[in-house]
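To keep things clear, I will list the structure first and then write my remarks on it.
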Amino acid sequence: MRLVRDQSHLIRRRPAIRFTFDGGMVEGHEGESVAAALWRAGLLGLRQAPDRGGPRGLFCCMGLCQECVVRLDGHLVESCRLTVSEGLILSRTEQGL
Amino acid sequence: MTSNPDIIVIGGGIMGASTALRLAEGGMHPLLLERGDIGQGASGVNAGTLSLQIKRVALMDYALRGYDLWRSMGAAVGFHCTGGYTLAFTPDEAEMLETRQRLKREAGAPIRFVTPAELRIAEPLLSDKVVAASHCPLDGYANSSLTGQYFRTRLKQAAIPYREACAVEIIHRDDPGFTLQTTQGRFQTPRILLAAGGWLAPMTDMLGTPLPVHARINTVTVTERLPRLTTTVIGHATGLLTMKQKPNGTMLIGGGWQGQGTPWEGRGRVSAESVIGNLALARFVLPALGTARALRSWTGFEAHVPDFYPLAGALPSIEGAFVLGCVRGGYTIGPYIGRLMGDFILGREPELPLFDPGRRFEEN
Amino acid sequence: MSTEADIAILGAGPAGANAALAADQAGARVLLVDDQPGPGGQVWRGKSAAILEAPPTPESRSGDALRRAIAASGMGHLSDSRVWTIERGDAGWHLHLADGAGQRRRINTRSLILAPGAREYVQPLPGWTLPGCIGLAGATAMMKRDLLPAGKRVVVCGTGPLVFFVASEIRRLGGGVAAIITANSRSDWLRTLPALASRPGLAARGALWIADLITAGVPILWRHTVTRIAGSERVQSVEVRRVDADWTPVGAPLFIEADACCIGHGLVPNSEPASLAGLKPRFDRKAGYWAPQAKPDGTTAIPSLFLCGDGAGIRGAAAAEIHGRLAGLSAAHSLGFGPGPDNALHLRYLKATRFGAAMETLSHPRPGLAALTTPETPVCRCENISRLALETEIASGAASVMAVKSGIRAGMGACGGRFCGTAVARILAAANGRSESEVPPATARPPLCPVSIATLAGDFRYEDLPIRKPAPL
């Protein structure tokens, strides 16, 4: 019997929907942050940093560090500031951007 | 060495540093004083454009020689020769472009006119609303933020002593010679060179030879890294836009949009309306910028006198006092005119004429 | 598009939202601007729209109450809106922002209250850029907004109370904690007992978290730190070592498998908005960071500019709430609305700051912290610049943060130097034998966040170009 109980089963979310990232389908709950949905799906590496900086992904989770950016309609957007919606199409940034 | 300089150079930008290097080559022992970091004034924050298309007709010989010096400085200053285009979008702009560029070509810059079709092959992503364009194959850029590092290294190699964070507060004429009161103590010297750019006016006031130096507050903006969009330096017939994409993919956008402030307030302040206007024009000229983000804007002070020609020579009626600055296009011309200035102070005949600070300034 | 206000407030966390409520109640025309989807800031961050039902927490209750109060007030409120620059106007201030719809907007306000809060400081260490490594405050944000724990085998590392909060939340939300690694010792914590005694509720919660971790067999390694985060494409393990009282690693390395690492070494104020507004940061010796200054009543050295909450120095949520209220009352009163703050409130604020200040001492940087950054560690994440590259540039003569930036681009990337600036300044100070108080941060430049050129360009027409006199020929 834990002192701090696992309450995850008490959480109800909007239905899971699918969105596209890097050409593949990812499941997420409508309205949650894209960064969270990608993280839950095991997609932690979102881009390659410039100058052989290696794989990068979510870091500050509050829109400051710019490590989690993905491409939406040609624009780079912080995935921690994007919400999951039906038909959302996202792609990775090019290498080194 | 610091205790007995032959000359104190006040101002550690391209002008002051280039002159100091020439003086040392010629056997003098200069001491250089800089209020901030070496090369952090206009020298270090401008857009880095090395374009003959924007140089004044009468300064073209100086610009060509300055350009050659930048080319020889090479990778250490991030020099790139890319060629450059100046664009016109209306009949009036086209006419202005045609007149002005022809005169600059006659002055020695290898400029030619290109058709919109030829432009589209060289720069396919530019707006299709261009009506006229000129091209110069020599145009390019250097990385202005490397100015400081570059000259610091050169000064050390030449064993020229310098002080940073050393602001000159008072210049006293000892007749002969000068005593300088600075934030790092007092210095005495038989000669001074004022190469303080936007900070010149109070110094010339102090010496009793006020010069009408004004500073424009130019704004530059840099974007995030972008896929390759342009390969040349882009200019606008009105001067309202310069654009160049660096090897790392960032786009540097300028055009002399004005910020606010004065040199003695420290850094200038960016004006939001200027950034908005500058970037709106940039996007018009290069529509792909519509999906890009701006990361940082800053300002720099570009000094000039009413006739927009340099100050380069001896201060009138003061033995041992010299001034160098206020060159429009000072980034390109700087290394060369610094060399001329050094020769002049050494008592040699400079290769090209200098610009008498004691002249009468005709409004331009 | 332009909007007018008597008082604009930047930031809707405990400080900003309370400043707005106080000013609104005093009768001023108020506009609350925030870059998040709803008020609450970090500590009372609201849940995402995906969450239909979840067990409440003390923070969620406080946040919901705040959000209800803001909604009920009828005050002007712009959420999801990012201010990219702040300018002095003739009769006040101009805020330029990109709103939630990507449109450019300008706010003209007579007085301005800044409540920009704080961000995390993470000491750069090998592997800190690996996917799966997030900040403690970052993990908190993800758990509050999306109720998502970082993993099933999370190593939680750092200093201060957040370490235990994050570990506990990970467990509560169905994740798993592999170990807690804290450079603090039990006696560091004992020294905060007097302050803890003033907040018995919080102290009890903390004791419960620790008791839960112990009874669950989660290792708590006091006086230890993560020295390396390893993995090929993501976090797979961490290297941990014991540290001495100066936080210098001294023990033999031990290795812990992990699927995520949450790490943080204290909070630092977001000083950039104040800096742009003309309020330069000053070095806070007690805290070990640079921060803009505000008085308890929220006033600053600039009339018509007010500052409150963690953005003026980390004091925690309880103090921020009151500081916000004080600032809102001061700002309103200065424009002729309401009586201004009273002494009782001032005293409550001072009392509340003691707890936050005590918690902060746990994260005050000690000399060994900087040693975590090996020569190859990227200090500037955005531009991938290592400590070695920085020290080489410094050895060649770069003597200020700006000079280092100019020379090798450290701090010129997309984050605007937010995650490297402090570390760079500390490296510079150490290399030149100066104290940190002598190495100020580089001047803040706009924009405060990356801003879309399309947003700025708006509906530009070529005919709108200003006519400029041609340059002299």
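For clarity, chains are labelled A, B and C in written order, and residue numbers in each chain start from 1.
The rule is short, and it goes like this: a contact is a pair of C-beta atoms (placed from the backbone, for glycine too) under 8 Å apart; a residue touches a chain by one contact, two chains touch by 3 or more.
Note that this is a predicted model, so its numbers are computed, not measured.
Each chain's centre was taken as the mean of its CA atoms, and the one lying most distant from subunit A is B. When chain centres are taken as C-alpha averages, the shortest distance to the whole-protein C-alpha average belongs to C. Note: centroid distance subunit A to subunit C, computed from Cα atoms, is 21 Å.
Rounded to whole angstrom units, the spacing between the C-alpha centres of subunit B and subunit C is 39.
Subunit A and subunit B have CA centres that are 45 Å apart.
Each of the following residues of subunit C touches two or more other chains: 413-414, 450, 452, 454. Among the residues of subunit B, those touching two or more other chains are numbered 224, 290-291, 293. For subunit A, residues that reach two or more other chains under the stated contact definition are 50, 75-76.
By the touch criterion stated above, subunit A contacts subunit B in their complex at residues 50, 73-76, 94, 96-97. On the subunit B side of its complex with subunit A, the touching residues are 224-227, 248-249, 290-291, 293.
Of all residues in subunit B, those touching subunit C in their complex are 36-40, 44, 54, 56-57, 89-90, 96, 100, 103, 129, 145-149, 152-153, 156, 164-165, 222-224, 238-240, 256, 267, 269-272, 275-277, 279-284, 289-298, 307-308, 328, 364.
Within the complex formed with subunit C, the subunit A residues making contact are 2-14, 28-33, 35-36, 39-40, 44-46, 49-67, 69, 75-76, 80, 83-84.
For subunit C in complex with subunit B, the residues that touch the partner chain are 84-85, 87, 94, 96, 104, 106, 393, 396-400, 402-403, 405-407, 409, 412-414, 416, 443, 445-447, 450-454, 456-458, 460, 462, 464-466, 468, 470-473.
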